[in-house]
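Next come two complexes built around chain A: one with chain B, the other with chain C.
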Partner chain A sequence: MGKVYATLTNLALVALLTTAASRAAAVETTSENFVVSATAIQGTSGTTPRMNFFGVSTVNCISYAGKATAAGTGSIADANATWKQDQFNGTNGYYYVELDSGVTADVVRTDAATKTLSLNNQSVSLTAGNAYRVRKHLTIADIFGKNNEAGLQAGPNSSQADNVLLQVPQTQQVLTFFYSNVPGFTGWYSDTYVAAGGVVVYPGIGLMVRSKSGRGGIVYLAGAAKEGPTLAPVYPGYNLLGTLKSQRSLKLSELNLYTGDPTTGVAAGPNSATGDILILLHPDGTSATYFYSNVTGFTGWYDTTYTASANVLVAPSSVFFLQRKAPRLAFYWTIPAE
Partner chain B sequence: MPRPNQEFPFVGRVVAIGHCSGVYTYRGGTPTKRKKCDVNSLAMSKIVKHQKSHRTVGLCASLVALTLLCSGVQNAKAVILAWNPNVETNLAGYKLYYGGASGTYTNTTTLGLVTTSTILGLFSSTTYYFALTAYNTQGQESDFSAEIAYTTPLGTNLPPVLSPPSISAIPTQTINKNLTSSAIPFTVSDPDTLLSLVTVQASAANTTLLPTVTLGGSGANRTVTFAPALEASGSTTITITASDGLNTTNRTFNVTVTASNNAPFFRTLAGPLTVNKESTGFVTGLAMYDPDANTGTFTLTVRAGFGSIVLLTNATSGVTSSQITGNGSGTVQVTARLGAINNTLARTNGLAFTGNLNFVGSDSVTVTINDNGNTGSGGAMSATTVVPVTVVGNSLDTWRTQVFSYADLSDPTKQATVWGDNADPDGDGRDNLFEYAVGLDPNKSEVNQQAVVPSIADVSGVKYSALSFVRRVNEPLLQYVPEVSSDKLTWSSGTGFVQQVRVVPLSTGFETVYVQDLTPVSAQAPRFIRLRIIKP
Partner chain C sequence: MRFQQLEKPMDRNMKLLVVLALLCSAIISRGQSTIGYEAGNAERNVFFNGSPVPDNNVAEIGFFNPGFDLSANANNLTALNSAWHELAFTSFKAVFSPPNDGRFSGSSSTSDTAFDSKNISLWIFKTTDNAAPASGFGNVAGYGIFSSTAANWIFPSQSGMPPLTTSVYSSEVNQAYHGTFDADTVNGHLFLNPVPEPATVGLLGLAAATLFIARSKRRA
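== the complex of A and B ==
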């Protein structure tokens, strides 16, 4: 009987395995990962304004995605495109294209007839089959709220209101904005009183908020979590950069800033005076400076006290200044994928 | 009128008298008196001895029926008398007596061994009396039967001559050998005789060629059917004869039996077949016949539009694998004797259809039998039947057939790039399963089509991540699972983590679902949210 039992058991096992094998495997798919983040803007405790530095860790959801159907440089040809004329430029707002490689470029013209997107970066090159995504740029109003939902202190001018500061690395300028509460002129304006709600905040660019009161504020953002690599330009001079990461901190050694080639990444040096430097801005307002040492036996990230700093973390939403020292030229920083 | 030297008992009973309207004039005549049989003492078919005879003579006329034939209400033409036959072995015939007065018969007609007689030339509106005697081979005559009387209707006097029946023309018939003709219609008419009394017969001049000629129908509408002898051919005639008892009419038509090859045909057909996607079903019920199949080989071709065909190769006395080409493909051909083909098709699993990869919808199995010219002149002949096939899939399968070409769907190498659940042919970052789930076009990226949209929910000043997504209504194939996470590594779902806020009907078949994270967003603690779609 024992043998019979064993046989039956085996049969049952075979049947079970057969059933399991014949059943189609489950298939799953997921949407993009979306994130809702909150960034606190600290108010000042005294009369001295307080600087807040933070990076935006979300991007707008995809407005359009497709595959190039022909090779192109500085443009994307997609014979299957369904967009309308000027869908992604002009009065419809500012959009950019991102490629799987992390390259981004602004859309300057959307041609429905030729089904071509013209880009502002003539070095962008695609071959047929390359995927691309079109997203709308985030703007000052998107981030802080069209009606100042972030709760910054409004005022009649930039001197009285809290300031949003946007550093422009190409020109090494810092643009100043504020939320105007002047009746008939409420909204975001530059310090020269030019409407500024639509000013673009590029991915990877850091923001500064100068708080002049104790109220502070909080910036809530809902959007897509940026996946995959992102290429951000680093210009000669100071660049306020963020990692675009919404969750994971990155070590200095993970930033991809040092590539070994000073034309494609930070230039190493024996000290912070020679090499390009990274100034990490801490939430408490302090900062620390790092450089990439090329001293034999001491290569890697070090701080100004020559302490090995490869494992220093750059937290999500935090930002840092990267000083690209002249006469070195600009390069594209490949922000690592999360 | 001579009298018999003996008298016989007889049975007499009037069964029926037919009537026609009309008035006739009595013409009169000399009556003849005879003694009647005792009606009360005799049964209809009983033989009774007559006591006046010196010997026993079992002979008695039994006038059974007096029938008036008429072809129209005011057109009575004749009186027909009918009676039961006597059973004496030496019976020689009957004598019919009638006249204008009861028991007095002025007219006599001597008849042979018949049981009916037609009396013509009667006057209208006149009562006639009829009686019958029987006589035997010795010349002995029975007593009279019971007398029956009949008054002719008012109208034209009955004519002395009966019109013959007519038969409509039948065109020349040509039929191929081994076939039975259809029922060829013709009509029979008779102006003065009930058609029920008109006898119709048919016969072929060459019974070797046409051994079987069959009549059908009744009354005016008749048919004739004929069947040639096996493999016989040639020409002959068929003659149809119609008789009203007095007159006979013939109608002859030509028949040619040709020696051409007979076409095969399907004796029984298969019903519609329904199978599940990529599953196998069996076409059953097909049987073919060819009148002149003999021992020749036939070619069976089975073709499926969007599937493959497999013929059983081990049916008893069926076709073998060596006789089949293309088995398992969309077109299968067999060359074998018809019996073997039928034996295979008679098996419940003799003819299998399996739908092609991803095919869902209507298809057909086309079955053609070709006799390859067996046997006869004129070349090969064939017959074809089409079996409707319905391949059933789920809603996702059906959707695939709507959005992808069959050429792509049937190509397994395109699963990863075109039609597979996780393929993304339009490169918009959403795979096919996702596009199906939220009602998007997998071949076309839709501008600003945000089927899944993140947002911030504000509940009494507390912020939560939220999501809206488009969902198919009552789609049992899919599970829509909103998930939340604090680190994008561990995702949580279910009522303890996410709550459904509301559902709003969208377009037909779709609805928008709003869900909300149950963990609030706080500074430096982002919340992640996404939609997972599962096809178990």
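== the complex of A and C ==
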């Protein structure tokens, strides 16, 4: 606990210094609340690996903020921009743009001459005057530490080391990473031995850690609390999602997941067999499944024992699986503002 | 509007807030799987002797020993019981409907690896006192065993990829032992058969023995 306290103090100091530095190079319209968090990863007490689930409740601080000076689709034109060529892409890392609406899109090119950011989402549309913010994506190395500061069990392969698991909802794959302690190859790698420290963890995505020893670890994060709405894609199949909330719990009824339109939110149904379902993971390792009932007189969130569940809380940093049942298509979930 | 340059005095100060230092624990799952099972709303409900099974009767979820011949032993409560591995049970209750409508819904979690990858069965009882089956099944008036070939009727493996959860529904039943089911998955029913009368069991046993002797003689 002493170590935790000391590290938290250091992190708070870092946060203060970061803020002070930001003030010196201030931006008039941007203010952020900074959050420091420490999430305990528990090791196993036996031979069976233990799964840990958590959501990242912070984002990186704003790298750039401005307003579009011309309308654009799939790109942002800002005649007042001061960015450098490729400042937000390529070897500088992975960045994304967020708009006030909650829409986000990855930056694929930063053009200093034309003062244009090219985005990977061609459906993103801005008009002159629309505010935008550029943030750097969090990566595996950002979250667990470039040198495994989280303290997970390292190993020569993914079989012996603890695993960081990242669910990819588009493909329904689960990617496996580990911290290699092989001399000359230390660092984060995928289970296919591809360097993975730079793998992006998108905002709102949940993470899993499979602990194989008793040592566990602690994930320290310092960053900005994500304020304002955020749009997160929900794909057919399972999606491991967090609420991006660092401070308050949300009721199921506050999640904005049910919109009344099955093309923009979860599909209701007479039971959990037909409706989309939300699987909330509990600290004791159990889970509970919820669906949105459209039965007359019984509309709302219910669990699989048909108990009204609108007030069930989703705690900060916790995660849940959302199963979007085929053949329904993907939709964008508007994660409520902090 | 530039982040890197101060063009105007800052009229809105950067909020200097180290909001909180959270020490929170990740949600932990130590190989726990959660299984839902139901004859719920808009699914087949359960009938016995032409009526919905009343509330407080019991539906059990579990598996039978792999290789156990369910068809051959469907009438033998003792044999069934010895091969049965119960995960949990739940009582019939009102589910978005009037009471005594032949419906149940339950959920249970386990870390017992004995259930890993086993086929799920529902063993549903109607008792004379509309309660749980007594030891020895003395109060059991009827029962049915139901399962499905659907992929979700398998207990999740504790070493599998999350989410370690599945739900099984009466609307998915396509296998019945000592019972039957309607083709209509929404408005239809699962039907329990009565417990065989001892005399019936005796006759069946006698018939089996006669058949065995006849075959033996034929071979000789």
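Methods note: the second predicted complex is superposed on the first by the 307 of 338 C-alpha atoms of A that agree within 3 Å, B and C clash if a C-alpha of one lies under 4 Å from a C-alpha of the other, contacts with A are read in each partner's own complex, and residues count from 1 in each chain.
Everything that follows uses one rule, which is that a residue touches a chain if its C-beta (ideal position, glycine included) is under 8 Å from a C-beta of that chain, and two chains touch if they have at least 3 such contacts.
Bear in mind the structure is a predicted one, so any value in this text is a computation, not a measurement.
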First, second, both or neither for A:290, with chain B first and chain C second: neither
Chain B versus chain C as contact partner of A:223, first or second or both or neither: first
Touching partner for A:305 - first (chain B), second (chain C), both, neither: second
Superposition-derived comparison: chain B or chain C, residues of chain A touched: C
Touching partner for A:48 - first (chain B), second (chain C), both, neither: second
Which superposed partner A:84 touches (first chain B, second chain C, both, neither): first
Touching partner for A:209 - first (chain B), second (chain C), both, neither: second
Contacts of A:272 with chain B and chain C, given as first, second, both or neither: second
Contacts of A:178 with chain B and chain C, given as first, second, both or neither: neither
Which superposed partner A:144 touches (first chain B, second chain C, both, neither): neither
Shared contact residues on chain A - chain B and chain C: 26-40, 57, 62-67, 80, 82, 225, 246-247, 316-317
Residues on chain A engaged by chain C in the complex (per definition of touch): 4, 8, 11-12, 15-16, 19-20, 22-23, 25-42, 44-45, 48-54, 57, 62-67, 80, 82, 165, 174, 208-209, 219, 225, 238, 240, 246-247, 269-274, 279, 281-289, 293, 295, 297-298, 303-306, 316-319, 321
Parts of chain A lying in touch with chain B, wherever the complex brings them together: 26-40, 57, 61-67, 80-84, 87, 131, 133, 218, 220, 222-225, 246-248, 315-317, 338
Sites on chain C touched by chain A in the complex: 1-6, 8, 10-32, 34, 36, 38, 40-43, 90, 95-96, 105-107, 109, 111, 158-159, 161-165, 167, 169, 171-172
Complex contacts: residues of chain B adjacent to chain A: 421-422, 426-431, 433-434, 437, 443-448, 450, 452-456, 463-467, 469, 483, 486-488, 517, 521-536
